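Here is the structure we will look at, set down as C-alpha cells.
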Amino acid sequence: MTSVVRAATYRRTFARRTKLASMRRPPVSPRSRLFDVDCRLSYTLTETTDFVFQIHAMQGPDQDVLTESLRITLGATCHTYADPHTGQRFLRVQAVTGPLNLRYRARVKVARPRRKLDAQEVPIAAVPDEVMHNLMPTRYCESDLLSSAALKLFGATRPGCARVIAICDWIHRNVDYRTGSSDTTTTACDVFLSRAGVCRDFAHLGVTFCRALNIPARLAVGYSIFQAPPPDFHAMFEAFVGGRWEVFDPTRMADPSELVRIAVGRDAKDVAFATIFGTAQSRVVAPIVKRVATD
Amino acid sequence: MTSVVRAATYRRTFARRTKLASMRRPPVSPRSRLFDVDCRLSYTLTETTDFVFQIHAMQGPDQDVLTESLRITLGATCHTYADPHTGQRFLRVQAVTGPLNLRYRARVKVARPRRKLDAQEVPIAAVPDEVMHNLMPTRYCESDLLSSAALKLFGATRPGCARVIAICDWIHRNVDYRTGSSDTTTTACDVFLSRAGVCRDFAHLGVTFCRALNIPARLAVGYSIFQAPPPDFHAMFEAFVGGRWEVFDPTRMADPSELVRIAVGRDAKDVAFATIFGTAQSRVVAPIVKRVATD
Amino acid sequence: MTSVVRAATYRRTFARRTKLASMRRPPVSPRSRLFDVDCRLSYTLTETTDFVFQIHAMQGPDQDVLTESLRITLGATCHTYADPHTGQRFLRVQAVTGPLNLRYRARVKVARPRRKLDAQEVPIAAVPDEVMHNLMPTRYCESDLLSSAALKLFGATRPGCARVIAICDWIHRNVDYRTGSSDTTTTACDVFLSRAGVCRDFAHLGVTFCRALNIPARLAVGYSIFQAPPPDFHAMFEAFVGGRWEVFDPTRMADPSELVRIAVGRDAKDVAFATIFGTAQSRVVAPIVKRVATD
Amino acid sequence: MTSVVRAATYRRTFARRTKLASMRRPPVSPRSRLFDVDCRLSYTLTETTDFVFQIHAMQGPDQDVLTESLRITLGATCHTYADPHTGQRFLRVQAVTGPLNLRYRARVKVARPRRKLDAQEVPIAAVPDEVMHNLMPTRYCESDLLSSAALKLFGATRPGCARVIAICDWIHRNVDYRTGSSDTTTTACDVFLSRAGVCRDFAHLGVTFCRALNIPARLAVGYSIFQAPPPDFHAMFEAFVGGRWEVFDPTRMADPSELVRIAVGRDAKDVAFATIFGTAQSRVVAPIVKRVATD
C-alpha cells in the first residue's frame, strides 16, 4: 500500500552554506540536543490532488539531520525541492482518489547557540543583501500599517535583542492564546485589533513589529515539545540581531532552543506544512517529536 | 442673488424635550457663555445637486439659540427638518447649476453643567431605552472589533467618568493629530492601527472604546474656538455617565464646555456638515465662532 | 418556575402611525394571510446578564398582531420598549444565574400589498426626511466603499423596482449560501469579496448596493416559513421605491409577502433577535411559524 | 559634486541563467527593439538615509543591457546586488544630509518573443519548483480572499493565455485609471472594491486573479513609452502560461513587448524603484525611455 522513499542520510551541501555559516558564526559552543521526529499525515481524496508539504527537518548550521525516512502511499508521484537560499525542503506530491498517508521520521541534532541578550540591532547599511527582503510587509505581516504603533510601543526601548524581547513580552501580555480565534486569512493587524490568536498569529505579530522597527524578521516553523497535548506543528519567529538569526517564541509554549526547524519564510504562506491544490479531507495530523536522552 | 430665509427666533418646543431635560437635570447651576456664529459655505455646481446641511446650532437643555438667520442663494429649494429625538436640524437643499452660497448666523447661549468627575457608569439595565442604540458598533466605530483591546487597555481603570478621561488621555498620548492622515472612509480601527488622524478620528476612537466597554457614546459636532486658524467644524464625543451626556475632546484643542453643538449622532455619517448627492466644487468653508463678552 | 407575562391583545396606537400609514397607502387591497408564531429561546447563565431581545411581531400598516403572549422564567426583570419611529419592540431582560427560558406566541395577520414592479426610484429631494438616514453607510453596509462597483454593475439598469430586482438576481447568482461562511463581524464588503454568506449577508449586500445607488434601504428580520428545517430567524431587506418600503429576499428562500416582520433597522446590529451583555450559553433557538388556514 | 560609477558593459553571467533561458525557449525568433533609458532621481535629505533603488535594466533572456552607466552624488556609499534567481539588481545607497542625485543611463535591446495566444495553463504538477511561490498570496495580492470571485468571473473562460487576456479585459472595463485614487497601502481587494487605481493597482489585481485561478503570476516594472507625459515608471504583470512568463498590461497604456524590464517580484514591495529608510524629500523622478531607430 505504501512505497518507501528512504532518503539517504542527509548530507547534501547547499551552495550558499559556507557563507551562511560564517555569517552566523556562533560565539560560544552551543550544547547540542537530540530529537526524534515522527510525523504522520493522512488525507482522503475525492479527486487527483496536488500538494506541497513542508515536513522535512531543515539542514543548517544550527541543526543537523542525522537520519531520515519518508513513507508515502503507493501511487503518489512526488519529488523534493530544496530552496537554494535557506535549505528548506518542499515535498511536492500528486495523489489520486483515495487515501493518502505520509510518515516522515528523522533524528535531528539541534545545536543552537545561546541567545545573545546584548545583541545589537544591525544598521540598515549592514544588513546582508539577501536578508533585506525580510524588512518588507507581507500578506500576514502588514508592517507598513503598524509602523507608528510599533514606534509608540517600542520606540523608547533599548535597540537590539532587548527590544525583540520587549516585543515578545508585550505580545504575551496583550494577546490571548485561544484556539479557533483565527483562521487562514488572519493577519497581524487583525490580531493587533482582536488581541487573540494561536501560535502563528503570535509569531506574525512579532515579525510585523520587528519589521516595522527595521529589524529583519521571518517566520520559523517546526517540531516542538509542548507541555500539553495534542501535538501540532509550532510557529515561532526569528529576528536578525547581532548579525545572526535569533529564534523567539512569544507564546512561551516551547523553548526556542529546542525547535526542530522545518522552514523559515516571509510569513505563514511560505511555510505551511501542507498547501493543497484541490479538495482533501484531513484525517490525521500528528507531528510527534521527542527528546532523545544523551549522555 | 441671495434670498433671505430669516428664521424666527428659535423657540420651537420639541416633543421629547421635557423628558430629556429632566433626565439631564444639571446638579449645579452652570455658568452661561454667549457665542456668535457666522458660518459661510460656498459651492460651484455643474448640475442640479441635492444637499443635506447640518449647520444650525442645536436647541437643547444646555444650549439656547437666542437668534438666528440663514441666507441662501436665490433659486435653491430648501426646507429644515428637526429630528424629534435630538432636536438637531437638517437643512435639505436642492440647488441648480451655478454658485451656491449659504450664510448661517446665530447667537447662542451655552450653559453646560460642569463635568462631574465622580460620575458613575450606568448599569446596562438602567440605560434609558432610547440611549441603548449608542452601545452598538457603527460604520466608523467598530466597537465589536476593539472590545478585547479596550478591555486590556482600560479594564482595570475605575469605571465611570474617570475611565472616559483615561480613554481621552490614552488617545491624546498615542494618536498623532495630522491633517491629511485620514479620509472619509477612515474608521476607528484604522486610527487604532495607524495612530494618526484629525478631530473626527480622535472622537471616533473615543466613541469606540466607550461602547466596547458598555458605556453609551456618540459623536458631537459643532462650532469651536481654536487657538490656531483656520476655522473649521469640530468633532468631539459624548459619553453617557452619571445619567447624562458628558462632552469630551481627546484632541484637547478646544474646551468641551464651549462647544456650540450642531448635532449628535452615531458617528460622522450622521452629523456631516454637508452631505452632497452629486458633484459640487467646494469653494468656501468658513465656520466662524466668537465669544461674546458678557458682564 | 416561569412567570406569565400575558400581553393584552396588542392594540397600542403608535404616535406616528397615522402618518406612516398614509405615506405607505397601498394601491391595491392586498390579500391577507394568517400566521401563528411560536418562538422559544433558552439560555444558561453563569452570572447576572442583561439582554435585549427582538422577538415581538411588529405592529404596522401591513401587519396586524391579533393576539400575543410572552412567558419568561420567573425572576427575570423585564420591560418592553417600542421604538416611536418604527413600532418595533425591544424586550429588555435582566436575568440571574441559572436557566432563562422565553416563549413568545402570536397570531399575526400579514396583508402586504403586492410589489409594484413598475415602482419608480424616489428622487433625493422627495425622500421623506425620516427616511434619509437609510441612505447612509453603516457597520455592515459600507455603501461608500462599494459605490463605484454598484454603479458599474447596476448603473445601466432601469431605475426603480427593476433595479432592486436586478440587484437581488445578481446576489443570488454570485453569492453562495453557505452556513458557517460568515460571522457576526462580516460586512457587505467581506461578502462581495468572498462571495459566500447566509441570509443576513445576502440582505446586507442588497442594502449596500441600494444605498450606493441612492435608493434608501434597510434590513428587515422576522419569522419565515422555509422549505427546509431547521427553523431560524430570517433576514431580508427593504428598499424605498415608489414611495413605500418594498421587501426583497435575495436568498429566494422565502416569500417576502409572507415575512412576519419583527424589526427593521440600519443593519443587523439594530435588529438582532438577542443582544447579550455578558456571557450566556445558548441552548435553544426555535422560532417556529406556521401558516393558518383561512377560508 | 557627483562621482561617476561607470559600470562596465553589463556581461555578468547569472548562475541560473542557462536553466532559465532553456525553460523560456522562445518558439519564434522575436523582433528586437532598441531603447535608450535616461533616469534621473533627486532627493533632499535632512539626515543620513538608506535607500534601495531598483532602476537598473534587467539582464535576461528577452532583454540585453548593451551599455549602461550610473552617476551618483559624491559621498554616497553604494553597492549593487544582483538577485541570483531573477538577475534584477538592487542599488543600495547610504547618503548624508543634503542633495542626492542619481542618473542611470542604458542602451537596452528588448527581444521579447511574441505572445502565444494559444498558450496552455501549466498543471500544478508541472509548475517549476522555483515558480511555485508565485501562486501564493502577498501583501498587495490577497488571492486567497478573491478566489471565489475569480472563479465566478473567469471560471468558465477557456484556460491558458485566453483566460489571462479575459482577466485583463475585465480589469480594463471595470477599473478606472485615476491618479491619486490609491496609495502605498492599497491592495488588490481594495481595488476590486473601489474600482479605481493606477498602473500598479491594475497589475496587482491581474496578479491576484491569476493566482486565485492557480496561474503563477508576478509583478513586472520597468521603463515604458507612454503616449501622454509625464514620464513615470510603469507596472505590468506576468503570468506563467505555456511554460514561460508572458507580460500583460491591463491598463493598455503601453506595449508589453516594449517594456524595458527593471524587476519582477511577488508584488510592489519587491520592485519599488526606491525604498527609503528615513525621511527624504523627493524632488525629481524622471525615468525617460526612448525608442532608438534601427535599420
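Lettered A, B, C and D in written order, each chain numbered from 1.
Following the convention adopted for this analysis, a contact is a pair of C-beta atoms (placed from the backbone, for glycine too) under 8 Å apart; a residue touches a chain by one contact, two chains touch by 3 or more.
Every value quoted in this text rests on a predicted model; they were computed, and no experiment measured them.
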Steps in the shortest chain-to-chain touch route ending at chain D and beginning at chain B: 2
Which of C-D and A-D has more C-beta contact pairs: A-D
Selected pair, out of A-D, C-D or A-B, that shares over half of its residue contact pairs with B-C: A-D
Intercentroid distance (Cα basis), chain D paired with chain A, Å: 30
Length of the line joining the C-alpha centres of chain C and chain D, rounded to whole Å: 50
Overlap residues in chain A, where contacts from two or more other chains coincide: 145
All pairs of touching chains, each written as two labels joined by a dash: A-B, A-D, B-C, C-D
Touching residues (chain side chain C, partner chain D) in the complex: 145-146, 148-149, 152, 174, 176, 189, 192-196
Chain C partner contacts - residues on chain B that touch it in the complex: 50, 52, 77, 81, 84, 90, 92, 94, 123-125, 129, 132-133, 136-139, 142, 144-145, 184-185, 214, 269-270, 277
